[in-house]
Amino acid sequence: MARYVIEVFERELSGYKIVRHTVPGIKDIPAAARRIIDLGCDGVITLGWVGPGQVDKYSYLASSIGLVMLGVMTGKVIVDVTVHEDEAEKPEDLKRIAVHRAKAHAENLVAMLKGGLQALTPKAGMGVRQGYPDVGPIG
Amino acid sequence: MARYVIEVFERELSGYKIVRHTVPGIKDIPAAARRIIDLGCDGVITLGWVGPGQVDKYSYLASSIGLVMLGVMTGKVIVDVTVHEDEAEKPEDLKRIAVHRAKAHAENLVAMLKGGLQALTPKAGMGVRQGYPDVGPIG
Amino acid sequence: MARYVIEVFERELSGYKIVRHTVPGIKDIPAAARRIIDLGCDGVITLGWVGPGQVDKYSYLASSIGLVMLGVMTGKVIVDVTVHEDEAEKPEDLKRIAVHRAKAHAENLVAMLKGGLQALTPKAGMGVRQGYPDVGPIG
Amino acid sequence: MARYVIEVFERELSGYKIVRHTVPGIKDIPAAARRIIDLGCDGVITLGWVGPGQVDKYSYLASSIGLVMLGVMTGKVIVDVTVHEDEAEKPEDLKRIAVHRAKAHAENLVAMLKGGLQALTPKAGMGVRQGYPDVGPIG
Amino acid sequence: MARYVIEVFERELSGYKIVRHTVPGIKDIPAAARRIIDLGCDGVITLGWVGPGQVDKYSYLASSIGLVMLGVMTGKVIVDVTVHEDEAEKPEDLKRIAVHRAKAHAENLVAMLKGGLQALTPKAGMGVRQGYPDVGPIG
């Protein structure tokens, strides 16, 4: 997934320095994001892979709470890309979801860094999905 | 949903400046609320849409914990409007819930900003619901 | 529920000032408790009503974590009274539970404020319940 | 349960002052532990009783998160003794579990206070259980 | 499990001082990790054993949230090794998982301490598992 994110950043964030950091598992992501922020980065995108079991989901929850709290404590833009192994049965479907979601959220991060608070406002309520087809607005 | 909230604010909060901020997903809301508070806002209303799956509910939980902790850390009035895709089957019902809830909570926020600690006291225990018909007081 | 709490406070906490604050939903309670503490109050009692659905329970969990963290951060006495709509089928039973629990915890708060760390020690392990008949000690 | 803990402390922690504090419910424990730490105590043991329902388990989770965070924030030794009403059907079994667990953890706390970081290392991986028979090491 | 971790550290982290700390249960781990960090350690590996019941899983969740928050608060590298009793039926399988996972994560910690942010990048997305056979990359 990282490759697709880096492609987006290199194309759209010229002048920015990209820092990559890899950790063993999903629960290591929030501390890693903190280290990235301590380096002075303006934003963080996290890429996580979550297994299908109940314990995996609790790990996802703990990791999510950590990232949310890091955002609350710092106010930084932290975009969280997670793919759950049980989102699809076939590996090729999972991969397609992962690639699409990673690219879409990389673009969201770019937009927020460059465009500020309302950069994503035109998409609000439009049923935009990452990893799946958009569902469109309601009603 | 934002449109209905802004209508309420523009009608009832003259003299206030309204700041809008859009983020990709529900877990991005707490950090965004922190950024809004850092801009000096007196209150925040958050609008979130949650899918029907178990993972969506964990994301809702993580986001809720983040918002609650932001409130605990700052003491700010943060009103959280969330619509769950599984609250209704028909899109038109979902939309009606969303609009009603957004408006009702926008009015709650207005009341708290203008009326202080007891602005909502007349409604306490009256079975007032947002997004559904009121159920009335008990007993 | 607030009425019964205020009755207990007025009878047993003469000389104290009672501050009441109403918020729209259960997740708004922790920030409200923070505001109450910031006003200089010695203790807080919170009154919450929780629906029967799974999402309501997650909201209860998020709210509980917020209140617990507020207690951890401040060391203040915060007594949490929550009634769950699925504790009883009949409205009159729910009301009886709510009134009994609110009164009992108001008295607990009074005891802790006036009697210090061991004010409730005589009740420890005695199977005292709030909202239900006491179950007595074990063994 | 407190009686058995106090017996262990009085026998093995001569020279220490024991402070006891009773609170209404399990969610009140983390703030109470904070108050105990603020008094200058070197360690805390908490005794909690949890009901069998799902809401009781969420309250257990909120309380546990609070205690864990208090430990993270202070680095203090906080040993958490919890008995769940659904661990056994017969009151005498529940009582036996509670007494055994309280005593065993009181001794764990004593060992950590007197023996430092590695006081419990001889027990690591030995399948020691509190409230149940030890299961022994694996393999 | 600790023995295998220490073997890896002694072989690959010459010049480092290893500090070991044992606590009674999984919820005691986050505060223990905080104490280890306060001693000046560069990294922490935690070894936990989790029972099969729902309450055990909630304890796992509380412990995980504590560790994640410690990482968020300090930015330290904290690698969390947990074995769940219900991962396998036979004790010998459980032991094999535990030993493999402990060794693999000890090596991950070593790599992160010695190699920095990108030490584990070659393994990213390669389907590396700890305690189970690697599953390989997707697609």
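Note that the chains take the letters A, B, C, D and E in the order they are written out, and that residue 1 is the start of every chain.
Note that a residue touches a chain if its C-beta (ideal position, glycine included) is under 8 Å from a C-beta of that chain, and two chains touch if they have at least 3 such contacts.
Remember, predicted model here, so these are calculated numbers, not experimental data.
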- Note: chains that touch chain B and chain D both are C
- Item | Touching both chain A and chain E (chains) | none
- Item | Chain-contact steps, minimal, separating chain C from chain A | 2
- Task: Using just the Cα atoms, superpose chain A onto chain D and tell me the rotation angle to the nearest 5°.
- Result: 145
- In whole angstrom, what separates the CA-based centres of chain C and chain D? 24
- Message: Based only on mean CA positions, could you tell me how far chain B sits from chain E in angstrom?
- Response: 39
- Mark out which residues of chain A touch at least two other chains, giving numbers and ranges. 61, 65, 69-70, 73
- Query: Tell me, which parts of chain C touch chain D in their complex?
  - Reply: 50, 57, 60-61, 64-65, 67-80, 84, 105, 108, 112, 117-121, 123-125, 130, 138-139
- Where on chain D does chain C make contact in their complex? 1-2, 19-25, 27-28, 30-31, 33-35, 38, 54-55, 58-59, 61-63, 65-66, 69-70, 73, 91-92, 94-95, 98
